[in-house]
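As structure tokens, here come the structures.
Look at the two complexes coming up: subunit A is in both, with subunit B in one and subunit C in the other.
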Partner chain A sequence: MMKQFNIVGKDIPRTDAPTKARGAALYTDDMKLPGMLHGRLLRSPLPHALIKNIDTSRAASLPGVKCVITAEDTPKIKYGNWRLFPDTQDEYPLAVDKVRFIGDELAAVAAVDKDTAEEALELIKVEYEELPGVFDVDSASRPGAPIIHYYCPNNISVNRKIKYGDVDKGFSESDYVREDTFTVHAVSHAYLEPCSALAQVDLDGRITLWTSTQVPYIVQCLLASTLGMRENDIRVIKPFIGGGFGGKMELRTWEVCAALMAKKTGRPVKFTLSREEEFLAGRRRHPMKIHSKVGFKKDGTLVAKDLKIQLDGGAYNAMGPTATFLCGNFGAMLYRYPNYRFHGEHIYTNKPPASAMRGFGAPQSLYATEIQMNIAAEELGIDPVDLRLKNAQVSGDKIPDVATISSCGFVDSIKAVADMSGWKEKRKSLKPGQGIGIGCYSFISGGVFNWFNTQYPFSAAEIRAFSDGTVHLLTMASDIGQGSDTVLKQILAEELGLAMEDIRITSADTSMTPQADLGSWGSRVTLMAGNAVLDAARKIKEHLFGAVSARFNLNVIHELECKNGRVQSKVKADYGTSFGEAVAMVQKANRGEPLVARGSYTPRDKGLVTPAFGFGAQVAEVEVDKETGLVNVKQMWTAHDCGTVINPRSVEGQLAGSIQMGLGYALSEQLVMEGGNTLNTNFADYKMPMATDMPPSKVVHVDTYEPEGPMGAKEAGEGLASPTAPAISDAVYHATGYRCKDLPITPEKILQALEKEE
Partner chain B sequence: MKHHINFTVNGDKYSLAVDPWRTLNEVLREDLNLTGTKLGCGTGDCGACTVMVDGRTVSSCLTLAVSVDGKTIRTVEGMAPSGEELHPIQEAFVQTGAIQCGFCTAGMEMAALHLLSHNASPTQAEIRAGLSGHLCRCTGYNQIVDAISVAAEKMSESRPEKEER
Partner chain C sequence: MRLPKFEYFAPKSLEAALSLLSEQKEGAHVLAGGTDIIVKMNHGRLKPKALIALEAIMGLKGIRFHAQGGLTIGATARLAEVAFHSDIVTHYPAVAHAAQVMANVGVRNMGTVAGNLCNAAPSADTAPPLIAMNAEVTLASLKGERRLPLDQFFEGPGLTAMEPGEIMTSISVPFPPSQSGGSYKRISARCGVDIAAVGVGVMVILDGKTCREARIVLGAVAPVPMRAAKAESLMQGQEWTQKLIHEVADQAAQEAKPISDVRASAEYRRKMVAVLTRRALEEAHERASKQ
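== the complex of A and B ==
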């Protein structure tokens, strides 16, 4: 049921693109202020140690050094995104008493230039007492393992259980039960812009922080609490952001240090991380150990699933609790499981903290789901496509305690992708060494669970309408490169019958834009901020309709509309006026008061996880060189359901980008660790796919309309982080007989498997 | 000991004293405030810092400032003919959706400029090969490849006209 739109769904270039194209867009590190100091962080070289002493005296006396801080200079207040459960807040901006991973921050220096700051770091003397470290979930959860946080003696910081139906009875009634253990590895967000933050103290003592973040509001609140200040004493401005993918969705040490040191020195302070620091100590996708048991009837009907996941969280919780929570939900999505049990454990290790990354637990959880579906299909003698169709969730399905699925294009996606890839034919006829495989996904359109314990709406918008025919949209929603500013402008222009050129936007400045927005993550922005914009726009329309109705003395039964820059009667367009004129009428009637409206969106009564689900299916065709073990992905086909496509090029760009990331996850990318140390800390050794590595790709948008979404839209591009790895993995199996249960799929693993076979 | 260097950037002449270890990237961004050129890795792997030195693309993060003495440099700020117009390559990047976060864009446009100055109508494979020193995490490269094809067409359409004048 596609609706007719004028601007939504049309090929509209991103409105920030010309500025970016000419190199005029300012990212955090592009900014400098008079008197600005340059900050650097001292990081732990040890994975686990007690800090016996830190001597900063030599560093502090180096000419040009203006400030050196350690934990002793901070209020020692912990922070973490799960404000709802303060126990989970386990991180200090600078290490107190103990370091827990290689790269853990101990001290910060601010100096007149970068070279001096760097030199000062080398003059800081730290005495450690080394402690034994643990580097994987098995050794960390073993009784007697070294304790990483004293409050958590078993190193298991989060336990999450889900249960519905009777799983044991389900297995006893199953004709076929399959049990497998999967391990998945750590990968980096590898956003192109290294993190950066610049802080300045205003005249009234307020701190303004420009920072490379996905979550200005969260940074504002947590920075305030960590420094013992009030929220309104902090102003966070998000400049242009060079990508995030989940890696910039928390308060970070350098933000705290920049703010604190700006306060201490009275001068602006900027920190910018090096790429090496990003790889060495930056957030990453959770490695996991996944144990999954599924039961089927002979005809392929799913009966039960028992899922146990251990997340290797690294040294701090970060967004691990959410990932733990969501892994269990993703495990129950996609297919109908009448009986389901999940146990997730978030386990501390002496490694850099893992956190949110595109998919938020889904790429790991669904890898297990999808590979097991393929194994089961083969052993039950059912085509993998047919087995999926048999069990696929459909609109109206209930996931107990979680949600009722509203719009759902999953079945259509599976059929479409099978069709366009020539699945049935190729599955039978491909030559040895060639293979075709399938992977599917379901994903959330933003979260419902208020772990941040915000006291404000989940998203808000303010619209100011002007008599010159323009409107100004203010929103805290954060464009981090995904294009939300453009999408929100499109939604607003559509609703108010205006052109894109009529809309001005100010976004993501916590002192200017309406409270609040939880940020850009979990594919929440289009649905939540989009709904807030619509809410405000409808209030503006009510004012305009009243004024026009009075001016033309319209019968109360007349319906009015905003269309083509006019506000007019639906049946008689002559009864109407230009948008600007209508605004002027409202303003006159209110004796000069500007026409302003606020809107908001908070999901209520939407279960526990999300207001709307996106779906899709992907097929990969590969050729494997049996001499070298190299996998050549020859073609990808994708069919997906994101509801109404608001900006087609942005959606296609998201899709292609997620294939790049999925390809890397499957075949080439991996943070190689040894004793808690990340060995590949540069792009040459962290092999993310280049332009020459990308397979040709075909895409079909399955037509659905999401009733909860703005103009029918929901999640796009994040769910697609999941299907690529299982699709490629299944194709490799089809080509070679090697079934990968420990990502990534490397040539060595393929060759070893082939040798074993021979 | 600082070294004195003279060079031209986007048509403007500069005369600077620089420390011998300072990179061209630092001098462009910090001394000349030409921040359109980015720094993505500092090891020459990502391509975000690419600029033209005497008509050849280089990683400005690996190029010492002292080595560009007497040379002519072009950066992303020197591509568009004015504040109101874009270079055809930039126009094509905007049109095709090749820009998401925009952090790799300047480097990509430099790569396109270099490629199209040597090969006016490259194939898809030649374009991809031409981008091989450049990383992008947002787009999956497809729309960037499209942009360069579109730019090649735009530029070959406008070329004969200019010659006639």
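== the complex of A and C ==
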């Protein structure tokens, strides 16, 4: 299966690395424009209240303040990413009539400097009528609970059901049925670059917005509709981004305010959030209450699964609808369930909205799946590795209503990780306090369901070829730090037989790069934008091949190739020219017309979930201090299948980042909340693991080739975010006997469990 | 947050610093490494009228050690200097350890022991081992100098026995008695960089198999770093046994007055006092036995 590559599969250094290492990369907050104003947002101190009056007069008259706005100054048009279902669009840029969480934005100030804007906020007088708040899914979904959105009287904004086979019959035919309830908590994306947006109005009234976003195209469209403007009147430029992890994939208040206030004042306006604001009011991973019932045959064969998940969505939908859909799909993506039923509910509460976060519902759903597999393995007397091998999805399996799995290295991953970790002996023979555990994952390589209702291809690319032997790649795909600019250049260099330095790239500028790209989320970019680049590159090649064929009077049966900077006959390299000369020939044949090609990709005939699936398995070894309850993760082993590895170093970076996030999710990170208020709004008390907390890690990339992916590649960015928490949790159980069903695993919970045991 | 307007002084002598402090009166703050003060100012929790930096005063720099006189840590000696100072590592390993594990590299490179004490956080890492080792602080004012045992220095979170117009100029720790050993143990959720959820500093002085004296100091489990007096007295003159250590550790836990906050619950903190006290005593005993 392995194809021979020159540039793909190599540790090509990231093209942005030197710039970032030198501190020369410009992020949005680094930008300064002449006359620029600084914006700050007034946030609600109450979790649920009616706004009786907002008096901004004192703030507006503070010297240095140039603009103060409330909802009254906006067109009051709601927005939300699920454009296909306008009912789900539930957010105003500034609160209208009502605030729904602590941190909900009510007003914005733009002033000559940040301090003046901050001072002005204190001068805004708001009269509230406080309403009772609800802070968990149980109290929010109870009859008679306070209504958070009038359109949604039961606070359940999304209902999602999946059903195939006959679940009840499945359970009655099972030898062993297991039922558990899991709760998982909210964690922060904690991207190192807080959100920032800078808007400028052109002389003709059009807006340019530089913003820290994963989704320039979505921001462009929604900003236009929210301000009552036309899409083409908005230009969104994505500068360098310091991480997103799902937290920057919607239109956000400060983007609207910056644009609106720039229009009102005629001056550029910049907003940058503080870390405290990010923790207090920022998006986060959905807390979920997961009820899972599974049935097995005596020999470990899975028969049925009944999954009910309630998502604590916080005050607005944000990307909650997608998470609600996907956590149901993830519930049956890893193993073969002949009978499956899912019911997901997205529930409003008076907390900061949860949204997409690395894994998009998978870390939660798979935590339950994997822990339950381990419980079942123990009770059935089967090794957890063997139980997984027995039920693992394999290539060709059809997941009803989802898709048929094409490439699948899951079984190989399980075997490889068991082998490299010494699973069989260690599971039997570790000392007290030491443990080893396993967790697995499956993930999507981009989504199919067109909730944004775009009229454009999902990804697009334009290639301009030049007679000096270089090309210019234009794509709306967004490098947010994950390295897509490098990977797309690698794919293009490989296909055109060029070197990395022959390629210039312009990405993620909505007025310059081809329409469209849905953004960097769902692990979609390598596959979708990669395919678009390949599509365009092949069109370029056709032109070049034609010219070279004519020049050397080649028989039509000659196959040509682009290789080592040349365009030549595959069998007789003498019949060929340099890439640049070939471009010049095409141009001459077209009377000077530049050689340009467009390519695109939209998944079709791939069901409604994803065109390709990634898989993997991970083993963690831990040592637990049984007196303090502290967990030391000693080693991680990972074997995974992301198809062709385009850039090994980047994939290993994704793995390291996933382990870091998984470590925090399992053991240390949580937003400590009291009555809707977040108490730990800084990195001292939000316990994100540091470099010094990272365990050593070994990895095997299982060799597969995904036919739908560019050069065989599929996702590597998010799937790996799922297995770490269940692997650590299972290892903690192995070490202590404490089975965690409510994340995070804290020292206190471990000690309580140990005391109970005694 | 806008930094409040303030005057900045960097006097070159202690006398000048003391004069400035008395001239500026309330609203003037003394600045050593700034790792607490500047953060508080950035968050609007402190609005000083004047900052008097000690950095330029030569006499307050550095660490001095003599086998007779013991250890003197100047007010502007950095935590990082303390952490790896060879005499401190050899003779006061508990103090060195506290300075090695607290906060993060950046804070340790700027912050000072004096600042850590004057900030008077209940969780201040350097306080428990220093109190356990009988440290005293020297407080200077225009009226002269006074020395105060460190265990009488703390009066509440952020509150100390310092009078207006006083500056802490140094911390003195006597040379450890023979057959003595110290230890500092702390616990926090994250191993790399964190604030202690519980810290315990101890010193024991042995007489053969008997414990002549023990000092047990608990951090982050009361409004001030506190001595567990009853636990200490349980050990005095007693033969060193595992059973005794367990009783003492439990007693220390009884004496702690922890609260629940975002870092840990009161219940957990109390349990950890017992565990850390026992571990610290064991390590201190081992060190004392080697002497």
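Keep this in mind: the second predicted complex is superposed on the first by the 758 of 758 C-alpha atoms of A that agree within 3 Å, B and C clash if a C-alpha of one lies under 4 Å from a C-alpha of the other, contacts with A are read in each partner's own complex, and residues count from 1 in each chain.
The rule we apply is simple: a contact is a pair of C-beta atoms (placed from the backbone, for glycine too) under 8 Å apart; a residue touches a chain by one contact, two chains touch by 3 or more.
On a predicted model such as this, the values are computed, not experimentally measured, just so you know.
In the superposed model, A:Thr470 makes contact with neither subunit B nor subunit C.
Contact with subunit C, but none with subunit B, is seen for A:Asn680 once the two complexes are overlaid on the shared chain. When the shared chain is aligned, subunit C comes close enough to touch A:Glu119, but subunit B does not. When the two complexes are overlaid on their common chain A, residue A:Thr692 makes contact with subunit B and with subunit C alike. When the two complexes are overlaid on their common chain A, residue A:Gly243 makes contact with subunit B while staying clear of subunit C. Of the two partner chains, subunit B is the only one that A:Arg649 touches; subunit C does not reach it. Set side by side, subunit B and subunit C differ in how many residues of subunit A they touch, and the one touching more is B. Contacts of A:Glu627 after superposition on the shared chain: subunit C is touched, whereas subunit B is not. Contacts of A:Leu26 after superposition on the shared chain: subunit B is touched, whereas subunit C is not.
In the superposition on chain A, contact of A:Gln635 is made with neither subunit B nor subunit C. Common to the subunit B and subunit C interfaces on subunit A are residues 684, 688, 690-692. Touching subunit C in their complex are the following residues of subunit A: 114-115, 118-119, 627-628, 630, 632, 667-668, 672, 679-680, 684-685, 687-693, 747-748, 751.
On the side of subunit A, the complex with subunit B involves touching residues 13-14, 16-18, 20-27, 29-30, 32, 189-194, 240-243, 245, 274-276, 480-483, 649-650, 652-653, 655-661, 682-684, 688, 690-692, 694, 697. For subunit C in complex with subunit A, the touching residues are 1-2, 187, 189-195, 262-265, 267-268, 271-272, 275. Contacts from subunit B toward subunit A in the complex involve residues 29-30, 34-43, 45-46, 48, 75-77, 79-80, 86, 90-91, 93-97, 99-106, 109, 127-129, 131-132, 134-145.
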